[in-house]
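Across the two complexes that follow, subunit A remains constant while its partner is subunit B and subsequently subunit C.
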Partner chain A sequence: MMTRTALPRRTFLRGLGAAVALPWLESMTSAAVPKPPVRMGFVYVPNGMDVRNWNLDYEGKLGQLSRIMKPLEPLRDEVTVLSNLTHNNGRALLDGAGDHGRCCGSYLTGIQPKKSATDIHVGISCDQIVANAIGNQTRFPSLELGMEDSRQAGDCDSGYSCAYTNNLAWRGETQPLPPVLDPRAMFERLFGVDAGLSSEDRARRNRFRKSILDFVSDDTRKLQQDLGPTDRRKLDEYLSSIREIERQLERAEKDNAQINPGMSQPYGVPADFAEHFKLMTDMLTVALQSDMSRVFTFLVTREGTSRSYREIGIADGHHPLTHHRNDPALMEKVSQINTYHVQQFAGWVEKLKSIKEGDGSLLDNCMIVYGAGLNDGNRHNHEDLPTLLVGRGGNAFKPGRRIVSRRETPMSNLFLTMMDRMNVPVENFGDSTGRLSGLNLG
Partner chain B sequence: MYAIALALSALAVDPATYDRVVKPLLGKSCVPCHNERNASASLNLAPFQSHTSLAQGRDEWERILPKIRSGEMPPKGMPRPALQDVQALLQYVKLEFDKADALVKPDPGRVTARRLNRNEYSNTVRDLLAVDFRADRDFPTDDSGHGFDNIADVLTMSPILMEKYIRGAERISARAIGADPLPKKPMEAEYHSKDKNIQRVDRSTIEASHRVEWDAEYLIRIGLPGERSADSPPVKMGFWMDGKLLHTMSVETKPSKLVYFNPYSEEEFRLVLPEGDHVFRAGFIDDPFVKTLPDKEAYSDKKNKFLNMIKFLGPFPAKVEKASRKKILTCEPAVAGCTEKILTGLARRAYRRPVNKAEVASLLRFVDVARKEGQNPEQSLQLAIQAMLVSPHFLFRIERDPTDRAKVHPVTEVELASRLSYFLWTSMPDDELLGLAEAGKLRAGLDAQVKRMLADPRSAAFAANFAGQWLETRNLDSVKPDPVKFAVWGPELREAMRSETNLFFEHILRENRPMAEFLDGPYTFLNERLAKHYGIEGVTGPDFRKVELTTNQRGGILSHASVLTVSSYPTRTSSVIRGKYILQNVLGVPPPPPPPDVPPLNEESVGTTASLRKQMEAHRSNPTCASCHNRMDTLGFGLENYDAIGRWRDVDGKFPIDVSGAFPNGKSFDTPAKMRELLKDDLPEFARCLTEKMLTFALGRGLEKYDRKTVESITSKLASQGYPFQSMVFEIAHSLPFQSRRGEASLPVQKQETAKK
Partner chain C sequence: MQLGAGKPPVGIVYDSDFGNRIDDALALAVLYGLDGKNECRVVSVTVSKPNLRAAAATEVIGRFYAGAVSGNFGATGRNLPVGLATEGPAAEDTPILRGILDSKKYEHGVHDLNDTAEPHAVIRNAFTAQFDQNCVVVLAGPATNLVRAMNLPGTKDWIAKKVRYLVMSDFEMNSKIDPAAARQLFAEWPTAVFVSGSELGLAMPFPGASLDKEFAWSQAHPVVDAYRAAKQMPYDAGTWDVTAVLQAVRPGEKYFKLSEPGSAKVSDDGRAEFVYSSVGKHRQFTVDPEQKDRAMQAMVELASVKPVVRAPRRPRNAVATDPAKPPAEKKQP
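Presenting the complex of A and B:
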């Protein structure tokens, strides 16, 4: 029921789409304007960083930024530079080689991945803990994005399954969530391919879908009774995926509005890195803005990737370059790639900032980690991981600073603090030793 | 491990023999570097001076033996043990292992319920419904393990994949039956050079990516600006979809005599196109004229006739009935009993096993559901097919265990039929295979079926999926050679490279050639594009054919441009990657990963101030690196005559290529051909490597200790017959792990490693 209260509804929506229906704005018709929700996200870049050009030599208020962070300089009041965060579980710890596989597998889980090409096993990732707790409030509990198709053949890293480097989010200990890579697939997922259907046709299709899902889940449960534990677990993954789709369908019934993203459906995967990045983040922006999801992970490219960057004149593969044997020419190229990534990210942060939401911007209500799972890609070390946090997490953090934690502070401590901010407090996570100090306001 | 230990103790290794044959050699030649204080390669061999190591250190022994056998260890510069002592040690240890293995209880291992991967899904849909659906373009990437993407344990399920399965099933069933109406008005999509949405492949070929929204007929129009001289002959124009030639027609190129300021003509034709994303190409076939034009006249409409536009107009209802409808609609769905008949047949094939009445009834329910919603009989059948395609019986290959799950038992013949078809066809069993299995006659006629399956064109999927991953040629899709250094690189060359290796593999397989031909077969498969790349004369046109090689520049997979390209950096060759490639994919002894922080190599100066080889040699003077790199680099340098996209070369930059090297056994070579010749000495290692990989692929699981016996028995049979390649497939099909399975104990094993909250 709409009342005639003149709420600045449109002011939330400037930016991409024109008429975006915000489910949580329905309550705007009540007296109090609700606070916009907080969003949590992770943007992961591979192969560590050229830390010579990443590190800052001062603490506290951000002034001049390092060469790689430079593109963020106009936005430095939105950025917190975090130093000395470590993933001990990315280290070998008797498991030998495979730092690339391990650092990605442990990044959001805080757990040392099991070294195996097939028996994959790590922990549930922090984004999924949050998605499980609050995901029922949005159409998608979480969104997983990426930009690089996984390596097609050969081994991934020294006995670690490709599952560890192809995925960031883990729904369970053995269930990774694959990222969507193709902008068109992302568009279809978020904004529907069936925009041409009448609402009647769409409703009928959803009824059909539901009855099919009922049928297959019954069938699966019957089938499971006769199976051994591992097979049963496989089918559990299938069943829980069905339940998630059923939930989405129910939600879609309540909230039948189609979101107009204010862009046309993209075609295929752009060859140009910046264009691909922009398409993915444009859609992600609409998804966050219209509260389709509050949690996301973005695996920019894969750990150990050999992608080359013709866009900036670099014909060599990223990973081979990071093993630069201290050759200045190669190190320079690594810095250029690192900077290029930050440049794309900065463009997106700028956009998030330009979108008004409540009394501030969409960015204010976000907390997005931008980081790498290795410190120096040549040395494969796991301490002082290059980490930025952008946004204020809904007026919880005070950015514009560099916070230097005690050496060897677990990265998991940061995640605990972020989960608190999502109202999903957890006692321990991964190898956490407590909350990350110095981040919160006051 | 435990079982082996028991077995050995039962047989009681005679410590005296061990102390005589093994201990002194180890103590003198190995332990000085591999001991508690100085464990080179993380290997401490001090405990191996006791006979108990045969049982307790089997894994390490398996790593050590090939190194001793090849002469790689002890390394150059260390005192060499007498040859007969080495032989005695090798023989003795092998004998003990054989004795131990003979006592191990045969264990076929366990395969987890396997979700169809993207290729299996696409092929199964093709064979079940005659619908061409490209799951690889739509579904998330399948994770892989042990180098293959059909490993049951890592084929996980996620909500996003489930979404795709549901949408996929909707589209596939709709396309199969085609009962939903097409849009009333046709639509137009134009790709034009002026809009920069076509690509020029060459002077008379253009290409556009286009999504066909409906299976239907389309009117296709090609824009042809320009004209050639008055005596120009007509040219043949072709139209391709995803590399397949769909249509040809003759096009006039001489002036039309109509007065035009800008000469221009259009040609049009109608084609039935399948739904999905496709790459369309239009171009003149065999058009020698354009090659004679100078650059500035190539797109001059006074001098040349060329192409600049592809336009699609449609959809229109196709006049020919769809193959899928012919296949599925064996009766009229409106007639009583027909839907049941159709669904009974389809479900059996989709679930790849006999189905019972209740299962058919549960599918028929959807026909009722749809009818109640006002759908017509064909649309209602469509909904039932949709449900079938999301069923776990379709999406998973599930093998059932008897009540006593942990007991080793043969898989049923029906399960065996699927094992065979997904192994050799990456698809479902056909009627013959399933029929034999249901009648209980498959095992008895196994060899005949394997033979038939290999001869069937569907076995091309085995080359594409097994060889494509074993030889890593699938990575041709992701490699990006530097366009400045390698201007000739492009989709056409890439596809030609892929075809060469696939055809070569298929040939050795189908003709049952000896495996040695993988290493140096004096023939290959070429089309004009690739022949030119290789500098081989006399091959014209786009079709591939078998070509006997007249020089020894090439021969075998290690001289295929595909292999040489995927084992290179974008800008240059890498002796390290190529060496590793050979160790891993040919000899089956992958080197350990490099330590971080390797000392510098001056990249920019490669080819300018010092040859890559000189630099690598300096790099190798570091003893820690040398132990692995000696072997790796020797092999890699043996291929230096091929550049980073596999072209032959005699110099790299300013430096003459030097491929010479010596194997650990002292034999030396100075050309790639001679190196290949020497590699044939390692045929047993190659056969073992390939057997392990193929068995992994066939079973969909990683190999375990208990599989050693299977691998051993397959390779020794192959050896006795001179390594005919097909025999490997037959032997695997007959092997214990392929023929039988062991379930898990019924009690669920709780995983304990849960994140402790």
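Presenting the complex of A and C:
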């Protein structure tokens, strides 16, 4: 009688100095790994939505979708439309103007950002809570992607730091995790910069890099003695970021693995939005598929962006367009941009669905929020935020529906539910009042 | 009198079991009347009676007076929906609700539970938007919603920072409805608390005869319809909640006597009593025979005041307008 032994989850095909990671295989199933991992991600689009063309006028099973959601219609069985979710901490709450800064800073943190261009302060984001809890199971605790080059310092919205508008993930109250914008940089992060190097050269380079980190650490420790408490804290955070990179390098070194991405190495940032989006999501797909990470954030463009979309014939900036003063011509352009974003997203969702994993697809084991931090970019309101949840979270959710929550239901309630699904239960988060009802199966 | 000089008028967080007694409706009328005079801002309205029609009727009154339920008026305002409890006692429909809603004379936007909000979220969110010490809470029903709000993480800090005091009407009766909530409220509420006993509302009855005289300017008035539907006319109504609103917004008028400090206590079976103690944070407000007529006059005048339509930024002298015309739609800044 033959006994089949389950393959370890992190199996590599090895030979002549190369190693190729395998995606999740059924033969990996064992008592210890009963099913594929669940992945959690957030795709953020800026400047709210033209809600006239976003909203649905019915609840329950999804049928015909709105104009902006239309590209997702073939995939509607994979989509949950969520209505009435609110970020109270995106509101002014006596802090005056700056809705773009607040809405992005509070989006995954549930906390009102401190109004300052220099003294940034918000809260740890929900993706990072999960990454801290389960990130040791994967090569990267989390991945942060973006598509628009943007500064991290200075005032980006009425006194709010650019750190708020240009980052989604926050490792701590004062420490954003800037997204990787350049596909090449993302490629190198995921697969190593040394795709063409020999294993000896790779090892030598890693040793060199490590020695630099040690040197920096020694040097900065000397500096610490002369610094005040605030600067020391900042330095500590800076060092911890470096140590995290070091850990990633050590992990990569230990694995001695070169992941085969199944694609050639990209060069530069594509000028075309759709091409850029596809490149970033292609790499993200490989990362999810090969379990390099289970948590990601994707800031499609920065909040408040004035990017134009000449690809679809729109030369005006996105943000100015959203202040349309109900001019039909301007509103039409906003709708076109919103639809264009969903179109790119739908293409990626389709790809995730096409990848088999276990009894279903890679998409089945994902839960990806697609949404904006403002409802209507013209009104700058923070209730009924445009929100989609894509995927089944490992057969936890039943998509294909529109769920309308009670008004003022905190967006943080959705995040609590998602954290539960990642087996990282948290009692409360941001301004949560409980779990989001109606989402879970059974 | 305007509280909080240099700040907007004091923000009122109002929680009631609307629909059970007519003074709920009268109290809302007085509250919006005070709002129309720039003496306060209604910043949140929540209902502990778990009946969708109670929320709908509440919204009718808000729209009648102010074009919205809450906070549509000043630079710091916004529209929060009616918060509605989904469980609790006295869920049944009442003549008051039928009087306001069944004629379908008045528009409202509450047709489904999702048109309302969790009351504790509404209350907490209202606190977050107020200037420090520029908010007053009026509790005109059981403490259920308020305690749920207080129990949300961080909300006690918000209360301590934003709220000047809490005024609770008929604490003997309202404690009996949810004794556990009342006990926790009296033990843990971070600010000063003023409570009235059952005798106050009975001692200062609202004159039913005023409906024909003081409210004659209106062809259709939801509070008048509710009043007429509540009981066989003519009758005078108890004013437990109305007196609480007066004490909350116009403490400086000294309409009522204030007791020495003490603590409101609630036994397991729901019996409430006021125990005097020099270290207590609570006070009882009671009828003041010398001020009674003045207080009664203020109640009638404020309850029957004409609605005031405001610009998005409140002008110094708001203008009374024809209530037959629908209030102008407000745009958010």
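Assume the second predicted complex is superposed on the first by the 375 of 442 C-alpha atoms of A that agree within 3 Å, B and C clash if a C-alpha of one lies under 4 Å from a C-alpha of the other, contacts with A are read in each partner's own complex, and residues count from 1 in each chain.
Here, contacts are C-beta pairs under 8 Å (C-beta built on N, C-alpha and C of every residue); 3 or more make two chains touch, one makes a residue touch a chain.
In this text, all values refer to a predicted model and were calculated from it rather than measured experimentally.
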First (subunit B), second (subunit C), both or neither touched by A:Ala274: neither
Subunit B versus subunit C as contact partner of A:Val404, first or second or both or neither: second
Partner chain in contact with A:Ala315 - subunit B first, subunit C second, else both or neither: first
Partner chain(s) touched by A:Arg379 [first = subunit B, second = subunit C, both, neither]: both
Touched partner set for A:Asn428, first subunit B, second subunit C, both or neither: both
Between subunit B and subunit C, more extensive residue contact with subunit A: B
Partner chain(s) touched by A:Cys162 [first = subunit B, second = subunit C, both, neither]: first
Residues of subunit A at both interfaces, subunit B in one complex, subunit C in the other: 379-381, 428
In the complex, subunit A residues that touch subunit C: 84, 88-89, 91-94, 379-381, 404-410, 428, 431, 433
Subunit A-touching residues of subunit C, taken from the complex the two chains share: 76, 78, 80-81, 83, 113-118, 120-122, 124-125, 128-131, 152-153, 331-332
Contact set on subunit A toward subunit B in their complex: 96-99, 109-111, 114, 116-121, 123-124, 144, 149-158, 161-163, 166-167, 171, 173-182, 185, 188-189, 193, 204-205, 207-209, 211-213, 215-216, 219-220, 223, 226-232, 234-235, 237-238, 241-242, 244-245, 248, 267-268, 306-308, 310, 315-317, 320, 323-327, 329-330, 378-381, 426-430
In the complex with subunit A, residue positions of subunit B that touch it: 42, 110, 112-113, 115, 137-138, 140-141, 143-147, 151-154, 156-163, 166-167, 169-170, 209, 211, 277, 362, 365-366, 369-370, 373, 383, 386-387, 390-393, 395-396, 398, 400-401, 405, 468-475, 477-478, 480, 482-485, 566, 569-571, 584, 590, 592-594, 596-604, 701-702, 743-749, 751, 753-757
